[in-house]
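Read through the structure below, which is laid out as structure tokens, and then see the notes.
Order of writing sets the chain letters: A, B, C and D. Residues in each chain are counted from 1.
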Amino acid sequence: MDLTFSEEETEFRDELRAWLDANHPGEEPAGDENAEFAWRVEWQQRLNEGGWAGVHWPVEYGGRGATLMQSAIFFEELGRSRSPLPGNGLGLLLAGPTIMAWGTDEQKDRYLNPILSAEEIWCQGFSEPEAGSDLASLKTMAVRDGDDWVINGQKVWTSAAQWSKWCMLVARTDSDAPKHKGLSYFLMDMEQEGVEVRPLKQMTGGTEFNELFIKDARISNDNLVGGEGNGWMVALTTLMNERSGLAFFLQVRTRQLLEDLFGYANESGKIHDPCVADKLAGFYTRAEVLRLTAYRGLTQIERYGQPGPEGALTKWMWSSLNQDVTQYAADLIGPEAITSDSHWSYELMRARGNTIEGGTSEILKNIVAERVLGLPRK
Amino acid sequence: MRFGFDDDQIEIQRTATALLEARSALDRVRENAEAGTDDNGLWTELCELGWPGIAISEDFGGQGFGLVELAILLEQAGRTLPAVPLLPTATAALAIQTAGSDEQKERWLPGLATGEISGAIGVAVNGRCEVAACAPTAAVAVLFDEEGGARLVDLADALVEPVDTIDPTRRYSSIEGPGVELPGDTDAAFDRAISAMSAELTGVASRATELAVAYVKDRKQFGTPVGAYQAVAHMCAGMLLGTESSRSASYHAAWAADADESKLSEAAAVAHIASVEGARDVTSACIQAHGGIGFTWEADPHWFYKRAQLDAQLLGGTSESRARLADSIADRVGAADEADED
Amino acid sequence: MDLTFSEEETEFRDELRAWLDANHPGEEPAGDENAEFAWRVEWQQRLNEGGWAGVHWPVEYGGRGATLMQSAIFFEELGRSRSPLPGNGLGLLLAGPTIMAWGTDEQKDRYLNPILSAEEIWCQGFSEPEAGSDLASLKTMAVRDGDDWVINGQKVWTSAAQWSKWCMLVARTDSDAPKHKGLSYFLMDMEQEGVEVRPLKQMTGGTEFNELFIKDARISNDNLVGGEGNGWMVALTTLMNERSGLAFFLQVRTRQLLEDLFGYANESGKIHDPCVADKLAGFYTRAEVLRLTAYRGLTQIERYGQPGPEGALTKWMWSSLNQDVTQYAADLIGPEAITSDSHWSYELMRARGNTIEGGTSEILKNIVAERVLGLPRK
Amino acid sequence: MRFGFDDDQIEIQRTATALLEARSALDRVRENAEAGTDDNGLWTELCELGWPGIAISEDFGGQGFGLVELAILLEQAGRTLPAVPLLPTATAALAIQTAGSDEQKERWLPGLATGEISGAIGVAVNGRCEVAACAPTAAVAVLFDEEGGARLVDLADALVEPVDTIDPTRRYSSIEGPGVELPGDTDAAFDRAISAMSAELTGVASRATELAVAYVKDRKQFGTPVGAYQAVAHMCAGMLLGTESSRSASYHAAWAADADESKLSEAAAVAHIASVEGARDVTSACIQAHGGIGFTWEADPHWFYKRAQLDAQLLGGTSESRARLADSIADRVGAADEADED
């Protein structure tokens, strides 16, 4: 057990910190989602120029070839420096690794570099209105037509779709095969008539997500990934990829909210109220346990090549902590925290999505019960 | 020890429910919320029915009923979120009636009771209220302060600036300006205000529970209505628990205000705590029960969540009510070996 | 809405209070369960002499003919005066009302009076080791043999069995009938060879409950209640009876624990710690909400003849409150609270049973979801 | 940032697990608990293996390992509840090693490290400890006080009276008597003691989770294993969450004690809070998951519940750790605009 970073890791971190200090993107442009996205794309370009965009990508694909641990450090430091995620996050975290794992050489040549440089933005077309947590019941159809596939259906929760050139699309290529066996994984060009993007407004007022209406869209068979009928398996790899790095970023963000809250309690003198101190210490304990458990998950993967129970628990821990911290922030700060121009009001509302997005807490608990504890299904 | 309503109250409840469900359907709530408007037509109608003054003495143009009757109206208003200043107007009037001077009562109550003018309420720190429930047209505000006092502010003489909050179903403003003390029992006035608010919160929780239950009966996942999954079913059961807890406490507080002042202080604190916690938990669970849909602007759960969040702050946090309640019980337990409070 | 007691109710309460003041049973004999039970039997005899044993029983059967509200007041006052439940509680709350509702005239003549006077103690033989919350899967068999039924099987959680003359027994009389249709309700004489009572020690160290081993025990057909095959329905009446009065007694007991805790916090000065005050106020809020909700349930029954949603919630509220209060008591008082000679340690451990006995919290939530909210079953 | 054990540690864990599962099976735990006895044979064996002194310097007859290795043993002891005074002896020794004078170390450590004598620990208020983890034969106690100090009490000179607690799986006593201050860093000693205890609690939670999972896989209701019901399944998932939270925090604290004293204070407080809350919640859930059976003496869950309750009080409540933690973080956040603590 060595809960410090190794020399190489410390060097990596120090180099990154120095780079982030010198290249910090500054304040987020307020209020305009297009401007905010453009800012995050620029940020990725700067990261890429510095060699920090594809940190976890192999060197041969233009990445830094970082270890799992370095990748975790990267996301922690990104969060700690209060920098945003790179604009093409889904490309870097999902599309790239999927193409590397399952793609043909042609696909790798064609797609990887523009992901890294954020020249081409990617979105993810998995969820559907009727399917929710139940990927196996996807209804979007892909029908073979010569060298193409013709796509019809509807997707939802596709973030960044309005800016995306490409979509990772899971569609049903065999409606007779049982459930998830008939699914295939495609790379769909978003710039075609058959694809309509409609922003999906959230309760925060923002439009982080979109709906995708797909009518007779066409995808060349060259853009099938991992072979016909393997969509489920290909998608699973990607989902795993999404979680691990992001978890460290999110964990740090919550920790920062909590530190901001400590700062507020200090300045306002409220920290001298024992109830406030007691509450904040309770949250800190949970934040620290979350951080440690996330690292334990990495150790497990490093040692045994596959995630242990820790991995299944961190999203659950984080989402519940983030909800509780943001609610308590509102209580502590008072009415000013729930006016529209307070960032706390955004954090409060946004947190309600945490126990839903990326697998609801109910689904996560099912997974823990069934896959980690081996409890029977009904 | 009977919680049932009398015939008048049943009639009031029936009218309020039918009227508000018809005139403040959720698409209407959404329209007003998105436009940032009040529903002046509906407000005129409610004023004609005497709603803002239901708990105000007939001497001042009110209906001469009590807080129980006001609570019945506010619960339905919480269920339906009409874009009208009912809570602030009725509670401002109630506070003036409870703690105002004769002159203050004569000057303000007739206008508030008939709805000719509207009222505002909030909590002021150092003379300034950051977020009052206050329409831009409100004429008078009652601002409670942390020391247990309350000031009456003529809004013609004050700086009133609209404040956008996360809750667009009601108008809010900051208020700064000179005011005069309410000379009477401002604790009693505050207790009535939080009791009234707890009725609104009960309605909020109640509707959130209804929405969730309806949704999970209908919505299917993995081929089964999601309400058949025990995790979801138990979540809904918990929503009922939160709602009924809020309701029990809110009825008790309203009754105490009308019938037994000696019980009001504790009852109001209990109602404040139970209704704020109940409504926040229940409306959060309502979003969760709806899954991804619940997080969208197009779905309705967020209106109730947001109102619950604003009410939770409007008259101070529950931690103050907790501290007050603990003091009161500790004194009582300290004073008597035997607790014979009923 | 009138949240005072009516004049009659106030009179009833004042009379009861005066009687309890004058006739208080004093301190519970410590440590010896037999002595404690004898003390509670004596207590019932004294109650009976004062006309307070069968408060909720009709006058014609020797009761006081109390209304629901008076019955609630009775249990509240019993608790408030820190008197125990009468020794033959199951007779008074379950057996008596069941026999009144379903019994023949002969059964009423024979059994009711000795219940009231505590001459004959009763226990309840419903639960079985394999059945748990699932009454419909009971396995104890009753086979007709001439004028008798011959009983074989095993029961569990039978409190007071070691002192009981009679047992309310639910057994299967038709093993072909589906689930709960083949059950019948019997009055079984405990004083016979075929019935063996073994104490079932709890984690508290006490033996409130027993196991019942029944081997070729005999019950005369005269002791069948409500007719063959109606056991399920008869048992349900009884279960409803058990809950309502007891709920008020338990509610008050928890409230007393909480008041004791306020008293302790006052004396020790710990009440001046804002964290302590905050916690205690939170518990008080829950206790008050519980009391009010219990009374709302009574109003509902008085008005509409059947329980509303309130009734299903109070047991759940109470059990969780009682667990939280007793745990917090241990935290507040410190190690002294968890030594064996502290009554707090008993309360703490005993509270763990609250979310299990009389329907686990999980089953209660199912009931709320299905019967009150009308949610579908899987 | 790697939580994996090295080869020595893996070997220690393997030995401890195998030995304790064999020698402290649950029927053996029950036997000793019901008889109120210690398992002297097993204690002798563990002493021969050097367990009580595993974290004590070789200079004083110990094994010269650290708190991580002790935590590995204590976690297994928490899983299996052997009737031996391992926690009090090892932590008393650790405290003396950390904060004792040279004389105190020379006098007491060799005996404690070899198990020749056994130790006791607890918290004293006004010089008296109501409930120490202390076998009747213990020779020396370390008693922490609320002011952050610690006294060493030679039990030959003290009044030691056995105390029955709800936890019969270990011996407890009250201790009153003259003691001498540990002159060194008593905060560091206390932090090591609560870190060690958190390892025991991790084991307690871990086993309670194992018991519940095994039971609900097996036990059927309404024709289905109860573990297939989502309410039960999610309860078990929550138990895993509590256990792993405790484990993460406990490992971190043990590591900090051995490798980075600057992180120990916060890490120990976090471990105390997470392990006490984790173990109490998990052991309560274990009883619930067993249904009626879980409430009986004949079932095993209560042993773990009771140990969790006693450990929760043994070294003071978690509210003190919370207050301490909040102070420390507030200072740190106050001192630095930028939190760069790692």
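General remarks:
Quick note on the criterion: contacts are C-beta pairs under 8 Å (C-beta built on N, C-alpha and C of every residue); 3 or more make two chains touch, one makes a residue touch a chain.
Remember, it's a predicted structure, so these values are computed and weren't measured experimentally.
By count of C-beta pairs in contact, B-C exceeds the other of the chain pairs B-C and A-B.
Farthest from chain C, judged by the mean position of CA atoms in each chain, is A. Chain A and chain C have Cα centroids separated by 53 Å. Distance from the chain A centre to the chain D centre is 39 Å, each centre being the mean of its Cα atoms.
The set of chain B residues that touch two or more partner chains comprises 229-231, 234, 319. In chain A, the positions touching at least two other chains are 274-275, 278, 362, 365, 378.
Listed in rising order, the residues of chain C touching chain A in the complex are 273-275, 278, 378. By the touch rule above, chain C contacts chain D in their complex via residues 127, 132-134, 137, 156-157, 200-203, 205, 275, 323, 327, 330-331, 334-336, 338-341, 345, 348-349, 352-353, 355-357, 360-362, 365. On chain B, the positions that touch chain C within their shared complex are 1-6, 9, 68, 213, 216-217, 224-225, 227-230, 233-234, 236-238, 240-241, 244-245, 247-249, 251-252, 254-256, 259-260, 266, 269-270, 273-274, 319, 321-323, 325-327, 329-330, 333-334, 339-340, 342. Here chain D touches chain C in the complex through residues 123, 130-131, 163-167, 172, 221-223, 229, 231-232, 280, 284, 287-288, 291-292, 294-299, 301-302, 305-306, 309-310, 312-314, 317, 319, going by the rule given at the top.
Chain D meets chain B in the complex at residues 229-231, 234.
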